[in-house]
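Look at the two complexes coming up: subunit A is in both, with subunit B in one and subunit C in the other.
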Partner chain A sequence: MAGLSVSMEINGRAVGPMEVPEYTSMLDFLQEYLNLTGTKLGCGIGVCRACEVIVEGDDGELRTLRTCINNVGRFNGKKITTVEGHAQRNADGDIESLSPVQEAFLRHFSFQCGWCTPGFVNAATVLIEQLKKSPVAKDEVEATIDGALGKHICRCTGYVRYFHAVRDVIESTPGLLKEGD
Partner chain B sequence: MEGFRQDRRNFVKLCTVAGITIFAAPALWQLGRAGQADKNAEPLRWRGEGADPAFRIDGLAKVTGDKIFGRDFRAVDMPGWLKQQHYAFILRCNRVERQFAGIDWAQLPEGAEPYARVTAQTLAENGIELPAFYGDAMLLAEGKSPHYYGHAVAILLFDDFDKYATAKQALQFNDAVIQYGEKAPAYRRDPYASWRIIRQQGEGGPTGEDLYSPLHDGLFFPQYRDRKAEWPTHADQAGSVSERGIYYADRIRQRIEREAADGNWHLVEGDYSTQIVEPMMMEPEASNGWFDSDGKTLHLVLTSQSPQDFQEMAAHMIAGSRFAGRVENLVVHSGFVGGGFGAKDHSIFPYYGAVAALFATAPLRLANNRFEQFQAGLKRHPFKMHNTLAVDRKSGKFQALLADMQVDGGGRQNFSPSVAMVGASAIQGIYYFPRNDIISVARQSMNVDSGSMRGYGTLQTMNATEMMVNRAAHELGLDPIELRLRNAFETGWRNTQGAIPRVGVRYREMLERARAHPIWQERAERKRIFEQQHPDRFFGTGYAIVTKDYGTGGAAPSAAVQFDREGRLSLGIGFMEMGTGTQTSQAMLLEDILGAPAAECHVAEMDAWQAMRQFQTESPYTMSQAHQDKMAADPLWTPVVAMASSASMSAYFQSHVTLQAAQILFEQGLLPAARQLWQLQQVDPQKLQWRNGALEMAGQPSLPLARLAAEAHRSGLVTGVMAHAFNRWDWAEGTFELGGDKQVLMIDGLALRRGGTAERPRAKEYQLVKRSAVHYPPTDLNNAMVTYYAPCAALVEVAVHKGTGAVEILGLQNYLECGRPIVRQLVEGQIEGGVAMGIGHALYEYLPALAAGAGNGTWNLNRYQVALAGDVCVWKQQHEILAPESDGDPHKGIAEVVMIPIVAALVEAIFQATGKRFNDTPISPETLRRALNPEVL
Partner chain C sequence: MGPVLRAALLAGLFACSVALAQPLADKGRYLAAAADCVACHTAENGRPFAGGRPFQTPFGTLYSTNITPDKKTGIGNFSLGDFRATMHRGKGPHGNLYPAMPYTSYYLVRDDDIEALYRYFMQLPPVENRPPANRLVFPANLRFGLGFWNWLYFDPDRPLPDGKGRSAQWRRGNYLVNALGHCGECHTPRNFAQAMQFDRRFAGNVLEGWDAVDIRPQSLRRQGWDREQLRQLLTSGSSERGTLFGEMFRVMQHSLRHLSDEDIDAVITFLLDESEALPGKRGDVRQATDRYGGGRADYVAYCAGCHGRAGAGITLAFAPGMDDNAAIRALNPHNAIAVILRGLPAQRLDRTRARAGMPSFHRELDDARIAELVNFMRGAWGSGGAGVTAEDVARIRHRLDKEGYLGSNHGN
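Let's turn to the complex of A and B:
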């Protein structure tokens, strides 16, 4: 089994260089090599999006990538945020504050079992970041959310509370709506 | 060895089964940060300031990615475990028509060989056999023909992840690995179970004595010949239960024929079928097991909904094998369940994990990927029904219901017998029938086995009824809601089994609300306008209403409520947290009685209950009245000690015992403490109220919970109450001596704590209070089958694309009656989730049978379509939870009912839109496209 040397930054911490078999998926890398199990296996074929993480591109843009169908090599040298990396924690690891998206999902009771939550947290976070650069008209908010989260699969709460939570974040965060809206 | 010894004080000995001591481990999430969730800063405390909790107790852990699910835990996370992690996967047959001839091990890539290969031979050599509930042939032996698609033949064990991943990649879809030999006849066996529900009302009508019914007369069963059920044929009104049953069944069928021929009754007769459905819970099943051979201990981390049942059956399995002397302890760890929908209840999966671990040399992880979960996970039973609904033409009153249903249980029995029974007893829906003959046979097939998936047979049968009712309304020219109003069941009436439901029914009110809704009122006008504006689409409106039974007839919840010296309440319950919010809602229940919610709610508690020292004997469903009477004299006996977390059991059943325990704790702990602090001999409880966490009574100083708790601890009053209850469509009533008084309580087991320091309920701190008498619901209530119901209705309007057949939901209004919701947001989330799952069942979700089906190992979400946000009218769907009629209404929030009526409502909406009536689900876009455009190939 040929090896691959990988190094990256995950949740602000340098990882690697580490030798892994060349066919290792990013999801397996996170779970079996780093013991970061917050990123979830749903389907393993890139459909359900429970396994999405955030990757910062060379241009500084944040994008989501599915870790179950992408090789770890694709993440080499990148900055990655997983669901474990959003909340602010103190030195003991206790949570001091959540991200606005996490806070909204929590207070809207958006999830039940919580397996799909990491993918929703990451995708919604990227959407919010994109809207900071490219605000949307108020009457396009729902369609924008449909576009960003519409492929994620949730089996417990039927999407309604996730979508409404994201709409609340967009409408309550200054600068995400086009002026005049 | 060392690990277990060091940690042994952390595990609690539950009981000894067949020489193996079962230990319950602290719940897994307590190992990580999630266990300290309530120590977070104030804004992140779940209870919040309002009437409802700010968020769910497990919410913080879930939204931040903490390790909480069984699948999350690796060896390195487990205290005391060997840190090396091994991995395993299972090889399964994807065909059944030939004998299994062996495995071509040469297919394994070089350098990726397993260090152990567990086969049928291995199991035979070690005397390992599945618990009887699961049947036999855990691994298929060479030379035998597979019993079903997906039958396992070997478990391969690897000592590192790389080898495992490499081997799995090479073998999983490789048809050359498993070799097949001679052609073999299909594996067949008799049906798993057969049921027949015959009822003929008597002269007293719906509330009078029946001429014949299961509750009145009992049940009878068929003989099996050529794998088919043959019912008795001899009819005799004065004969045995079967002869009388056949007499009335014949009479009902003759009457239907005669009245139809005379033109008095209109018959709606047809074949209805449902598909095989994959539960598609998001967390695929997994286990991690370590056989510490030096310590003679098998440790297991599971993803099960029913760990209590697992540990007992697994202990028997091991005790009956050659590992009997080598395994003396079984330690079961449970995590939060990442969705179950019934598919992780009594799943066979954990047994493979346990067996594999016995042959491993380090902790072994067996984790399904999604293909494997499709191939081997429990499914929803497909039903094929031939039904007849007889309606009086003049009155529009239903006169009779006939049903003959075949339930495909797949290759292993699992819960098929009870699913067939519950489906049969549910087909009546919300209606009253003066006469019925309902036959239900659960049969074996070569499909992947089906289990207790959400709906439990009722989704299948009640939707068929709703489709028939909608068709009857159309054919009789009656308004569908009006027809339903004429036939709605009333409180106090008898159901098809002859039993009287224990809760009030509010069907009429629910029907009237839908009738007044604009979607219904304006449906004709909306159709006209929409179709004018959208000439490429049809528009239609549909309605359906159902009522879902809940309970099993053998419910046995336990709860322990206690407070520490500072007034911190902690609660332990037997239920798992499967995502439904049980932990949060049960914690909230304490607030009305004890002034605060539980600061901690420990779910899946298994250890504490031994303080009540209860034991059970025979099955609660089949035991005789004489046995029950004899055993009930023993104050430690109960029909059922512990139950699985299933069948919508938490809101009603778990709440009952939680509230009972809380009430006793108040009366025996806090109330006497208040009397002491106020220096009053008597306090009228009616004059007390909690306000801001303090107990108040006019003219007396307010007493914060912390002060009352301190006083109770100081003066030796009761500081914790543990209770067990039993429900067989009614609660057992036990007599206990408390504070010098004899009290009749709706519990059958009790233990009390005085003083105590443990932060969570611990058996050793509790002292048993033996009951002096008990009354158990009579055993013949088993014939009632079901008597608890919660109704739900759906009103939906759709657009159907004429060219593609795609269905778009334009508007959706749901109605649910769930008594008093405990936490409204949790119920609402369940409503919305249920709707999405129901839409999937109606329109998208489909697994073909047999060779093309899930058992072939190639199914996943790329072709198994579940409802996405765009399919569920995510921005516009509405729901209404009927306001409780009184403060005394029970809690009965249940998710599974909500997924049911949307199915038949959509079927009817599609008919109203297109004129095409379908009796089978799913109505996929392709099905509709072909129906609408038969000329297009």
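Let's turn to the complex of A and C:
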């Protein structure tokens, strides 16, 4: 099988250039080549969104991409954040503090088995970053969360708790809601 | 005649007419499915046949009417004659209908079938629902102008395509496709006044941003369709040659899959000219890879996760293969390009047959990359020349964007 030379930045660290079979899915690349096993395989057909990671576009804008249905070539040369890349770490690489989104999910007991959580963490983080640039009116918060996370499937806790957690982050982080609301 | 005898006779007559009416209404139900009335005469999440679905035309927005037998807002006051005039001539009791109502095809529906349809609709539960008023620009908002349109473009004496020397099955298919199914309303190109161009019957037409494909026999053959694949497509929406999407998925959902096996056979016999050999020439992967290396790389990176290695698909329930796919083999590359730009929504036929939809790529892939990707697929797995230019993609992108089809899908 033909090989593909890939290099990218994942969680702030340069990866590659390295040669991988061209049909390698991004999910397999993370798990099998980089030992980043936090990204999970859920449905494998691009429906459940457990496997989403964050990709920075050429315009600097963050968005999520599914890694089960996209092969590694789509990520070549890009900046990527996986669920391993959100927490603050010290010089030894040990976790010092979780991100506000991760903290809120824990505080609200948003998830049980945790399989879908990496996708939720990534998509919610992208949402928060977008709101920092373009805040939302208070009465549009629910619809905004639904638009960003509505396609993510969770089979344990029934959606209400992650919803509360994300709303909590939006309301408690200054600048995410439109002035006067 | 004694009163008892008279009552008995009357009751007998009544029972007779009810017994006759029910099979006629049942026949009407089947014909209404064949004519796909429900698709247009039902609003999103609305009651069936109660009308109100909007139709965007170059002249403004039309709303379908309520065809339940409600006396105030539906067709409850229609006589059989009114119903026939509406179906055959586009003449409702209140004036001419806009030719969005396909009387331009239904004029070919036989009188006995018209009566069965009438009996079926009149025994439906009446639903009170007044659809919104049409919003058309001047002068299209003046109904009397439609008489002129009809005079110019509607020839109620134009017969069905000639069936001389054809089998009974072909002639049944001819009737189903041209009269009840009104397939030409989408698949036949229209002139500036939105009238069908009969000299180019079934040659294909872009509607709602999709190409209602060329379904002439030689084109279907060129795309490699055989009877069995066409049957799968028309009854389930999926086949090895590709899937139905856009309005055609709904046509299958509401109409085609309810047809009897014999009628589907007849439709296929009419559509396919099996005397023509299946095309032997196949694409050339090596040549396409040499010419469109960037397109191949993008196929591997963006498409292969669902459409499989070497275009072979993974499983049809997931996504169709691209090798020998009808949209890749088609002469007109419109759908191959449009599908990449806008993606496809999820589809659900029943509990076990659902499709996840396809992401759109209009934000990430520019015109030149899409042209090269389509050229690679057409060269490798199609039968036509590649030859798609970045300008072709730009034109389609511009039109889809203008018509609002590149909006919501995030393509991730």
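Here is the rule we go by: the second predicted complex is superposed on the first by the 181 of 181 C-alpha atoms of A that agree within 3 Å, B and C clash if a C-alpha of one lies under 4 Å from a C-alpha of the other, contacts with A are read in each partner's own complex, and residues count from 1 in each chain.
Criterion: a residue touches a chain if its C-beta (ideal position, glycine included) is under 8 Å from a C-beta of that chain, and two chains touch if they have at least 3 such contacts.
All values derive from a computational prediction rather than experimental measurement.
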### Query
Now for A:17: first (subunit B), second (subunit C), both, or neither, which partner does it touch?
neither
### Task
Give one of first, second, both or neither to describe whether A:63 is in contact with subunit B, with subunit C, with both, or with none.
second
### Partner chain in contact with A:158 - subunit B first, subunit C second, else both or neither
first
### Task
Have a look at where A:102 lands relative to subunit B and subunit C in the superposition and call it first, second, both or neither.
first
### Query
In the superposed arrangement, which partner chain does A:150 touch: subunit B (first), subunit C (second), both, or neither?
first
### Message
Tell me the contact category for A:28 with respect to subunit B and subunit C: first, second, both or neither.
### Response
first
### Message
In this superposition, which partner touches a larger number of subunit A residues, subunit B or subunit C?
### Response
B
### Message
Applying the document's definition of touch, where does A:175 land relative to subunit B and subunit C: first, second, both, or neither?
### Response
neither
### Query
Touching A:112, do we find subunit B (first), subunit C (second), both, or neither?
first
### Query
Does the superposition put A:72 against subunit B (first), subunit C (second), both, or neither?
second
#### Entry: Common interface positions of subunit A, toward subunit B and toward subunit C
23, 45, 47
#### Entry: In the complex with subunit A, residue positions of subunit B that touch it
33, 36, 39-41, 43-44, 54-56, 58-69, 71-74, 76-77, 85, 111-112, 161-162, 165-166, 169, 280-284, 336-341, 369-371, 578-581, 825-826, 828-830, 832-837, 860-862, 866-870, 872, 874-875, 877
### Task
Provide the residue numbers of subunit A that touch subunit C in the complex, in ascending order.
4, 22-23, 25, 45-47, 52, 57, 63-66, 68-74, 76
### Task
Please name which positions on subunit A make contact with subunit B in the complex.
1, 21, 23-24, 28, 32, 35-45, 47-48, 50, 82-84, 86-87, 93-98, 102, 105-118, 121, 142, 146, 149-163
### Summary
Seen from subunit C, its contact residues with subunit A in the complex are 297-298, 300-302, 304-306, 309, 318, 356, 359, 364, 410, 412
